[in-house]
C-alpha cells in the first residue's frame, strides 16, 4: 500500500514535499532524492526523516531506479520538461510542480509524449484546486446556486517580492494560479487576455510593473479580472468572487480567532502562501498518492499545464503590446 | 407643527438633547431651559443654537410656562420624580431619562399619578428599543424565524469607569438597559435575578465588583445572562444573542469600513455609548416629538420604568445576599 | 433659522425630498412645490405634511417667489439645466439631483453662469459622499493608513432593472455615482475610461449590455474598476475597496443582525438604494440646509457635476467604440 | 518508523480512527482490531483498507499481542477502564477516547496504575485542544494580548439529539469538552460548578433538561459559562469567547465561502461535530502517533481525564440539587 516516491529537486518546495510525503501523508515513502547540488540533497535526506532514502547524482537515475514507483519534479521550471518526459518514458506517474514547462512548445512535447504513451501519467501542481474554499465555490456554481456565471473578480496579493522579480513573473509565477483556476471553475477555455497597468507601487523599482490588472475572457464570454500585487505589505491575501446571474459566491475571509483590543476587532491575514495553502498542498499530494496507488490519474493534467502556459503567453504578449491578445491554443484532444 | 419643548437639566445628556431638538430633528424647538446651576443653563442656551430660549431658575417654572408644550427631564436621577409628577400635574407630555426614578416607591407614585390623570404622558429614555439592531432582533423573533425563545446572552462592556463607580451602579446605570430590553424583546415580565461574581478586574479598586454576571429569569422561564464589565479597556461593546428553539438572532458587529494592514483585518469597535447609540437617541426623540404632535403616547412608559427599577432592586438584593432574588412587582394595570 | 425651500419636481425622488425636508430634518420647511403634472404636485402637497405649501404651475414661479429661499431640483434630467440656471439668475441656492445635466455643454453653461454670478450656489446630489462608509474610507486614506492609492475595485449591483433600461443608462444613471466618488476619494481628475463587456445576463433583452466593467484612470495613474450590474437579483450591493501601497480599506458589509438558521449564518443585503443610502440622503440634505442657513456653499459643486458628465461621456464613447477613451475636460478654474 | 496500532472497539468512532490511522495519517498502521461484536470487527477490517489487520476476539488479546505497539480504546465508556489498565500493565501507550472513565473512582484507579508503572502511557481523546481556533486562543492569552482572564462564554450546540439522551448526558457527553478546555485554556483547576435551567425546548420530551447553562469557577475566580443545547436544529455551533482585563479573544466564525443570494449574505454553520472537528481529530491522532514513535507522552493525560470527570460529577450534583457544588478533587501529584 505504500507508494515509493523519488523526488527530483531538493530546494524549498522539494524539501516541503519530502517532509509531507514522509511525515504528514498516508501511504507514501520517499526512497530516492536528487538535486543539482548533490550535497544539498544529502543534507535534506539526512534531516528530513527519510531513513533509507538514497541520494542519486541525477534525476534520471531517480526515475530509472526500479525501486521508484512515482516521481515528484520540484526543480526549477526550465528542467521540468526533461524529467517529466523521462518519467513518461519509464511509464511512471509524475507529479510536476507548476508550471508544467515555461514554454508552449515544451508543454506540447509533454502532451505529445504522454499521448504517445497512451496513459495519463502527469499531474501538475495547481494546488488551489484542492483548497476547501475554491472547492466549495465550484460546488455552489455547479449546484446552480448563483445561476450562470458572468464575471469573476480575483485578487492575488503577496506581502513582498524579491528584488529579482520581473514584470513577467507576476504573470508566470503568480497569476498562473488564477489562470488555471478560472479554467477549472468555469469548465471552459480562456480565449483572450488583456493586461492593464495601474499606478506602480513606489515601493519597488521603476522597472517592475506592479501591480497589474489582468482581464481574462472565457470562450462563453465570462470576464475574469485578476489583480496581481506582489508587495502589498500587509499580508498574503487571495480573493475570488464569482458573479452569476442571480447570486455570487466568494472565498470566505475567516480567521481562526477574532481579537478585540484597543478599539479594534481583528482577524488575521495569512502571512504567506504556505500559511494560506498548506492544507491544500497536503490534500493535493495525498490525492496524487492515492491516485498512484489506485492506478488512475486524477487532478490537473498535462493539458491543463499546457493551457495555463498558453494563456500566460497571451498575457505576456498583452503586457508588452498594451493590447488585448487572443490565446493561441490547439483544440483539446479527446485523450484529455 | 413645531413642538415647543422645555428641557430641565443642562448637563451632558441635557445638552445633547437640546442640540438634538434644535439642530437634528424635525418638528421641535427648545423654548425653555433650566438647571440647578442657572449659569450653566444660560451658557448652554447661548451656545446651542436655541435663539429665544428662555432660561428659568426652576424646572417647575419651565413646566408651568404656557409656552411649553412638552418636557424633557434630564436632571440627576433623584430629581426625576419631582419633575415628572409636576409635568403630569400640568397634563404635559414628559420625556424622562432613565431610570424613571431610583426607588420602586418613587416609580409607583409616578405610575399612580399618571393613572389618576387618566392619560399616558410619560416616556422613559430607554433608547435601545430604537436601535436598528435590537429592532431587527425583535422583528425576527416575532416573525418566528428562531422559534420560541429559550435564552438570551448579553454583554455590556464599557472602556473605562470613573473612580466613583460603585458595584450597585453596574446594575442601576448599566444593566438597567438590558433589563428593559429583555422585558421588551420577550414581551413578558422578569421574575427573578441572580448576580454572579466573576474574578474582579485588577484594574479597578478591590471594592468594585466588576465584572458582574447577571442571570435574569422571565415568567415563562427564558434565562437571560448579562455580562456587565465597565472597564474592559478595548471599547464600548454591546452584544445580544437571542437563542430560540430552532435558530438564533444576534446583533451584527459590522463596521463602516474594514482596514487590512500589517497582517490584520480590522473593524472598529465603538469608543463609547454616544458613538454606538447616537442614532438610536435621534430616532427615540424624534418618535417622542412625533407622538407629542400626534397627541398619542408611545414608547417605553412609566410602567416600564417601574418594572426596570423593580428588577434592578432584585439584582441589588442578589448582589448583596449572593442568592437568587425574586422580583417583587405589582400586577400590571390594564391602563398600560 | 428655518430655511424656506421650493421643490421642483414631485416624482419619487422629489416626494422623498419633500418628506425629508418636512418631517425628518431640522431647520427647513417646504413652502412651494411644482411639477409638470400640477395635479400630482397638489396631491403630494396634501399628503406629505406640508401644510401651507403652495403649488405653482411652473418651476420658474417657484424660483421667483419671494418667500422661497432655496430650491431643490428633482425633475427629470433634461430639465435640470433650465431650473438651475434660473435659480442662479435669482441668486438662490439650489440643490440639483444628479446628474447636473445630461450633456457636457449644458453643464458648462451652468458652470459659466455660476462663475458669472460670482457666488457658489449649486450643490449636486451625489449623496454617497455623505455615506458613513465612504467617509471613513476617505479618512483612512488621508490619514495614511494604507499608503498611496494604486487601485480601486467597485461593484454597483441592483436587484432588477425596468425594461426601459438602456446600455447607456448603466453609465449615466448608475456608474455616475462611482465616477464622482473616485474623483472625490482620490482628490484628482479621471483622465480616461474603458468599458469592457462581460458575458451578458440572459435575464434581460439581448440589446442591453449588462453587466459592464468600467476601467477608469486617474491623472496619477490610479486604476478604478467598476462592475455595473443592474439586475443581479439578490439585492442592492455596493462594494468599494481602495488598494494602497501598504494596505487596503473597504466598505464594511455589516448587517443589523445575524440570523443562524437551517445550517446558515445569515446577514442581510439591502433590498434597494433607498435602504442602503437613506441615511446618506438625510445627512446630505441636512448639510445643504445647514450650508444655506450659514450662507456658505459646501458639498459636490457644479464643477463636480460637469466633471462627472465628462467622464460619463468618455465611458459612453468607449462603450460604442470598444476602445479606451480619453476624458475631454477643461482645466479647472480657480473659482472651484 | 511505522507505529503498529491495535484498535479496541469498531463502532463509529473506532472505525473513524481505523480509517484515519490507515488512510490519512503518516507513520501508523492498524494491525489488530477487536469489538464486542466480532463480526462487525471483521467487516470493518475488510472494508477499511487495513490489509493484514488481524481480528481478535478480545481487546485483551489485542493488547497482549507482541506485534501491537500502541492501543486505541474506542469502546463504550464503561469498558475504558478495563482496557486502559491492561495497556498500562503491558507498558504500551494507549489513546483512550473521552471520557477516560465514567466514574471518579475508575479514573483514580487508572491514575494510580499509571503512576505505579512509573511512565506516562495514557492520552485522553480531548481533541478540541488540537483545534486551530482554540490553539490560537491560548496563544493569544499566553502572549498577554487580552490581559488577565476574567470570564469565558461558551456555547455548545448540536442540531439534534437521539431520544435516548438524558439530562446527565448534556454534561458527561457534551460539556465534558468545555470542562477540559477551560482547565487547559486557563491552566488551572475548576473548583465549583452550578447548573442553571433555562426554559426547556418543547422539541424534546419534558424529562430532558435541555438546554442547560453551566457556570464553572476556576481556582483564581475566573467564571466560565457554558450553554449546552443538544437540539438547536440549525447546526453544530461551538462558541468560545475569553474575556480578559483589556481585550477578548473568540473562536472565529468563518466559512469556506460566502454566498449572496435572495437578499442574504450567507455563511455555513457546520452540520455536525465531524465537519467541525475532523481536522482536530487528525492533528490529535497524528500527535499521538508521533509521540508514540518518539517515546514521549504528550497531550491530555490521565490526570486531565480524572479532573474532567470530577468536574462533571460536581455539575451532575448541581443539576440534581439546584445548588452550586464544589468540585471534589485530590491534589495533583508531581507525576503529572
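By letter and in written order, the chains are A, B, C and D; residue numbering begins at 1 in each of them.
We adopt the following convention: a contact is a pair of C-beta atoms (placed from the backbone, for glycine too) under 8 Å apart; a residue touches a chain by one contact, two chains touch by 3 or more.
Here the structure is a predicted model, which means the values were calculated and not measured.
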{"item": "Farthest chain (mean CA position) relative to chain C", "value": "D"}
{"item": "Chain pair repeating B-C, as identified from A-D, A-B or C-D when over half of the contact pairs by residue number coincide", "value": "A-D"}
{"item": "Whole-Å separation of chain centres (CA-atom averages), chain A against chain B", "value": "58"}
{"item": "CA centroid of chain A to CA centroid of chain D, Å", "value": "37"}
{"item": "Inter-centroid spacing, chain C versus chain A (mean Cα positions, whole Å)", "value": "44"}
{"item": "Residues of chain C engaged with two or more neighbouring chains", "value": "233-234, 246-248, 253, 255, 260-262, 267-268"}
{"item": "Sites on chain B touched by chain C in the complex", "value": "1, 22-27, 49, 51, 132-133, 135-137, 140, 145-146, 246-262, 267, 286"}
{"item": "Chain A-touching residues of chain B, taken from the complex the two chains share", "value": "233-235, 237, 253, 255, 260-269, 271"}
{"item": "List of chain D residues in touch with chain B within their complex", "value": "147-151, 153, 155, 196-203, 211, 213, 215, 218, 220-223, 225, 227, 229, 232-234, 243, 245-248"}
